[in-house]
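Structure provided below as structure tokens; questions to follow.
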Amino acid sequence: MTNFDSKEPIKLTHKIDIPLDVWEENISEYIENYNAITKGTGKLFIFAGDQKIEHLNNDFKGEGISIEDSNPEHLFKIAKYGKIGAFATQFGLLCRYGRDYPSIDYIVKLNSKTNLVESCQKDPLSTLLIDISDVIEFKKRTGLNIRGVGYTLYLGSEFESEMLSKAGRIIHEAHKNGLIAVIWIYPRGKAVRNEKEPKIIAGATGVGACIGADFVKVNYPQSKEPEIDFKDAIASAGRTKVICAGGSSKKPEKFLKILSEQINISGASGCATGRNIHQKSLLDAVALTYAINEIVYNNNTIDDALEFLKPELKEKIRDEILLKQYESEKIK
Amino acid sequence: MTNFDSKEPIKLTHKIDIPLDVWEENISEYIENYNAITKGTGKLFIFAGDQKIEHLNNDFKGEGISIEDSNPEHLFKIAKYGKIGAFATQFGLLCRYGRDYPSIDYIVKLNSKTNLVESCQKDPLSTLLIDISDVIEFKKRTGLNIRGVGYTLYLGSEFESEMLSKAGRIIHEAHKNGLIAVIWIYPRGKAVRNEKEPKIIAGATGVGACIGADFVKVNYPQSKEPEIDFKDAIASAGRTKVICAGGSSKKPEKFLKILSEQINISGASGCATGRNIHQKSLLDAVALTYAINEIVYNNNTIDDALEFLKPELKEKIRDEILLKQYESEKIK
Amino acid sequence: MTNFDSKEPIKLTHKIDIPLDVWEENISEYIENYNAITKGTGKLFIFAGDQKIEHLNNDFKGEGISIEDSNPEHLFKIAKYGKIGAFATQFGLLCRYGRDYPSIDYIVKLNSKTNLVESCQKDPLSTLLIDISDVIEFKKRTGLNIRGVGYTLYLGSEFESEMLSKAGRIIHEAHKNGLIAVIWIYPRGKAVRNEKEPKIIAGATGVGACIGADFVKVNYPQSKEPEIDFKDAIASAGRTKVICAGGSSKKPEKFLKILSEQINISGASGCATGRNIHQKSLLDAVALTYAINEIVYNNNTIDDALEFLKPELKEKIRDEILLKQYESEKIK
Amino acid sequence: MTNFDSKEPIKLTHKIDIPLDVWEENISEYIENYNAITKGTGKLFIFAGDQKIEHLNNDFKGEGISIEDSNPEHLFKIAKYGKIGAFATQFGLLCRYGRDYPSIDYIVKLNSKTNLVESCQKDPLSTLLIDISDVIEFKKRTGLNIRGVGYTLYLGSEFESEMLSKAGRIIHEAHKNGLIAVIWIYPRGKAVRNEKEPKIIAGATGVGACIGADFVKVNYPQSKEPEIDFKDAIASAGRTKVICAGGSSKKPEKFLKILSEQINISGASGCATGRNIHQKSLLDAVALTYAINEIVYNNNTIDDALEFLKPELKEKIRDEILLKQYESEKIK
Amino acid sequence: MTNFDSKEPIKLTHKIDIPLDVWEENISEYIENYNAITKGTGKLFIFAGDQKIEHLNNDFKGEGISIEDSNPEHLFKIAKYGKIGAFATQFGLLCRYGRDYPSIDYIVKLNSKTNLVESCQKDPLSTLLIDISDVIEFKKRTGLNIRGVGYTLYLGSEFESEMLSKAGRIIHEAHKNGLIAVIWIYPRGKAVRNEKEPKIIAGATGVGACIGADFVKVNYPQSKEPEIDFKDAIASAGRTKVICAGGSSKKPEKFLKILSEQINISGASGCATGRNIHQKSLLDAVALTYAINEIVYNNNTIDDALEFLKPELKEKIRDEILLKQYESEKIK
């Protein structure tokens, strides 16, 4: 059941719906990128690491947060030693650490904003930190495993039109060049009373489909039976796949239970998780990625997943990390 | 009277007023596009499928809505098996499904907004999800039957100037390249007390003419004798043709009666209908397109049209759908 | 006195002050355009037909308005059969009818806005419906007699800076390419208490001079002795010529009397008239253009002009229109 | 002492600090332009003629204003017959009159706004009427003596950032091409309580230095000892030279006394004067330019300057104007 | 201990983390620039001279400020004779004085705003005075020692999105071309209650890391134990280095004590100091730069640093300045 060889050969079990705007000459790159981050399953586990702008330092330092998390390199270590589909982070951070972490599959999160200005003062607007054309040139120059781009879209903001317009073009630009487009869609702003209402989440995923996203990341609905209500959101997205935000830190058991329901009951295609992972120590974080990997990619049970969090397997994970570190050093 | 061969050869009964800004080298493409969607009659029946952004998921899931409608592919199936002039939808959705639905004649709806922010909070502004130049390149690359582009313009919005400016340029760009330009014009915003007042509708169609639209889609006036008042709107548009929005779902009889009045009394050139069609099951939806086709393109009576909604003919339509599905499978 | 040959050879009685920014290679075109619309006199009678956006359908349908005016083609017929200097209308309308009306001298009105949003809600802003570079390319492609471009500038609006900036560049672009630049200048917005105050009108024409306009169209001052006060506006403009807006419909006698005073007392260089003409039937409208022509271009008296509105001459005009129609048909 | 040959050969008494961003190939042009307007002294007397937009017609028509001033050509006549360093006016006006006034050294005032909207309604924003690249092309095409460009910057306006950004680029663009950059800096807007406070004026000139202006035009401080306080403003500007606005019309004696103090006590490098000059008749205006010339360029006393305003010398100036007019006619 | 040869050969004690977006062909230039301003230590002492726009003339004239500071050249003299890492100033000032001060290592501060409009009126927005592409061309043309660019970013401003977007691109553009990117990050605006709160400072440095800055300049936290709290800010920045603003003038002993704590306790990588230096006479200012140099670059104690401020060593510094001045003159 458990597999400690993290670069296991990809079994292509999933037929990819290649968007029609992937130019002929880049279809093979699109497929390669798609398979790299979905491990051939069509599912996706994003390790989300864009919160240093979105939430400032509050997610990285404080009670219950491992001291290791205060260093941004912690994110890259987890991404390297963990079992994830892709690591999403900002371009600048990538430039600072990418040279030392070339094995990671990256999604460049193109836009970000801080949480200092609240919606009651001004509706949210998140602008590009870098152009996608820069990212494409960068990928060509450096050979880094950039598999796709990410963009946050606030529906219902007074600036929706500006972001919707950017999102549409970025997705098209990504596709033309063989990259995967992941859109974080959050209904937010003075007009949005409850951003986790099931109906509005299903609206958000539908918008993701209409602008051509490959994956849409949304919040899990807040309702009595979210796993049922979430089905609407997944239906509404059609061929665009829906992955679920991880939200604030929870106990691993609870986190994995919800994740399993999202995938196995609602039909979600994976998750994008940040805080639940990086606020732990490297070992705990990596162990959790093994557990998530089990549910997202290997289609296994919560119990299977929880095995990785127990002392025995954790010990093995520790050994594996050490072995990899040793090999990395050797190369240098 | 009824004709089940949906790709009947086009009878060119209508002389086209080719706009002077269709470049010489693209006149034949303009004519081809025009005839394809008007079936040689100068009339146009658009199956409108842009509501997943405009109204979020509310038009696709709920009481009285077929469960089939919760999947965006439902729209493409209707467009494929139904008898329509053109299917209008967003570029992203087109990219997701176009490969499997190459026989449809498409109009790319270039801009969209959600309905989350209401006019009392901020006047409406709808921005481009994609540039028309991208659409033109896309058409060349993929060979998809993109016949034209659509754009929504909110007259009376505080952002009117921004949208009016874009509309003018898009129409010109479309014409230069041989594409048909359809403008959805809705007077809306804090300045507009009654957006369905006959006078303001006639103003809207006149604006459509001044910016050079081929077709203007407006709401049907709200008045005692809308079919009489609507004549003004059609006169005001001159050589620009006016088609009418379908609005929320109505009983087919009522819907077809109004449509017939719009065309035969007011002089409208067709309709753009969405919810009335896609909220039904595939069979019912397709049957309704047959009925609409009868009125818009074949110049027949409401009674002729209603035949298609009766069990006997519906049975034939079901057979035809099945046959087409079988043929599609064979090709694959 | 009366001359029924509408294409009389141009007598060059006016020395043109060619702006220094007309590029050498386009000076002859500038002169040709200038002479075409001023008929060699340096005076200009614009038949203004941009109200379908500016005033929506209210100027074209209603009490006291000829039913013929409800069709936008009415404008083109008047422009064809009447004696005018130039017909100013939007690019889109031009594209719809230009092919059938190639003999008209056109001024393309580049920007427009509706009157739905009032200044008390938001200061006026009128944006370009088309770029001047598009108009220039269009002229080259089609050979249409586009003699110049028009632009509306609202001084005193909170968006003045945006429009002033555009106006300056458009004039320069027009000149470089040999086109005539006509600027409609209306002081308007919350800051403007009385937009027809003599002082502010004289300010407006001075601004027109500073941005290099060939002709400035302003409203006639509202004062006890407007014909005296208007002299200031004409002096202030220097070599930039001033023409006067026609305003709402008046009795022909009154209209011609004011026009004559503007030209012969104040020193105006002509007029830009819309509603006073097009709200009439074709015959009455054409007859009025003959009368205006008499005053603007032939330097004749009001009594001379009024002759054209009497039954006898009107009969001749009717014959002339019929003859022209017959000839147009023959060519087809 | 008095010299009636207005094109006296330039004595180069001033070493020019050539900005480092004047490209090598344009250094000689920069020097030529600099010497032309400073007459080799490093001082500058600008005849400012941009008020037709800034103050509309109020500066040109009214009590105490010569009737000659109501015609914009008056400005060009003064610039031609007077002894000035440069005439600053808008591009459009230049295009209208430049052909007849080729001997004038021009500074093109690139931006302007009217005074209709007051700061209490909306903070000031003045945008470009023409791009500097257009001016450069224009100069090459026409050979007109365009020596530099002018730009107005409102510090403390809510739109400061937009104008500051433009100013920096315009100065750089001017320098690269060998043109002189003169920046009018006025602290203005709701945030500015007293725009003539000595401290704020010194702040303004310092900003001029930081953006690289060659000359900064500011208002004279309002204080008990402005000639002393103004020293700070001149020190603050470092190698950027400071010239003083003339303000509203004053008696010549008073005007010249203040000017002399500005230059000889405060250390100003000249003046930019408009209304004090052009509101006079041509003869009086030209005589005043002779007087100003005496103080700015010839380093003479107020008494020397005042000689030019006395009947005897005025008679000589009148003769000189007549002679020049005669010669101009002869050339034609 | 003390070394009076200011151009001592650089000892490369620091391994540089070259950002991955420095293009291959410019890596050597990046290293050269990095070593030039960090003197091979990885630490940086910026002499900040951008306050003439930021604070207008208030920092340069007034009680307790040396009269020498009223002339902007004072800044260049200090930068030339002092021991600093780099002198940061605006492009315009650089163009005015750079020719005479070619030995200085410059950082071009790209954006600036005045302090006239306060946050309570409008949130801060600082725009570019020049494009980075202009700076790069300028460097190539002039050969000036431009080592990097600076940009101020106001987090928490309602215009954060505009500045964050610019910052990201500027850093990338700088890196691509081998330049060092220094970002001044100040949380400021109506949403920011306490801009010196330790948490928010740590947030700011983290943002600097995410956008890829080489150095982030922030304010020192205000708290009971700022030197402890500041550690979080330095950790949060990861491989992006943090330097501390100098703030308003303090007694040298106090200033150096804080600086030493910032570096030796908190782990800061240097400082950016302006007013503390330039408000002194040239000799005092230069002496202080020697003292700062001692702490930042030579890793010495406060006592070592204070030696430079005592009469004996000051005398030596005076001699050294005089010698350099003599040599500069000789070259001319």
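So that you can tell them apart, the chains are marked A, B, C, D and E in the order they are listed, and the count of residues begins at 1 in each.
Following the convention adopted for this analysis, a contact is a pair of C-beta atoms (placed from the backbone, for glycine too) under 8 Å apart; a residue touches a chain by one contact, two chains touch by 3 or more.
Labels paired with UniProt names: A, B, C, D, E = fructose-bisphosphate aldolase.
Treat the numbers as computed from the prediction; the structure is a model and nothing was measured.
Q: Which chains contact both chain B and chain D?
A: Intersection of chain B and chain D contact lists gives C.
Q: Approximately how many whole Å separate the CA-defined centres of chain D and chain E?
A: Going by mean C-alpha positions, chain D sits 37 Å from chain E.
Q: Suppose each chain is reduced to the average of its Cα coordinates; what separation in Å results between chain B and chain E?
A: 60
Q: Note the residues in chain A that touch 2 or more other chains, in rising order.
A: In chain A, no residue touches at least two other chains, as defined above.
Q: So if I start at chain A and go to chain B next, what's the full loop of chains?
A: Putting chain A first and chain B second, the full ring order comes out as A, B, C, D, E.
Q: In their shared complex, at which residues does chain D touch chain E?
A: 17-21, 23-24, 155-158, 160-162, 164-165, 167-169, 171-172, 175, 187, 189-192, 199-200, 202-204, 206-207, 209-213, 232, 235-240
Q: Under the stated contact criterion, what part of chain C meets chain B in this complex?
A: Listed in rising order, the residues of chain C that touch chain B are 50, 52-53, 56-58, 60-61, 70-73, 89-99, 112-114, 116-118, 121-122, 125-131, 134, 138, 141-142, 144.
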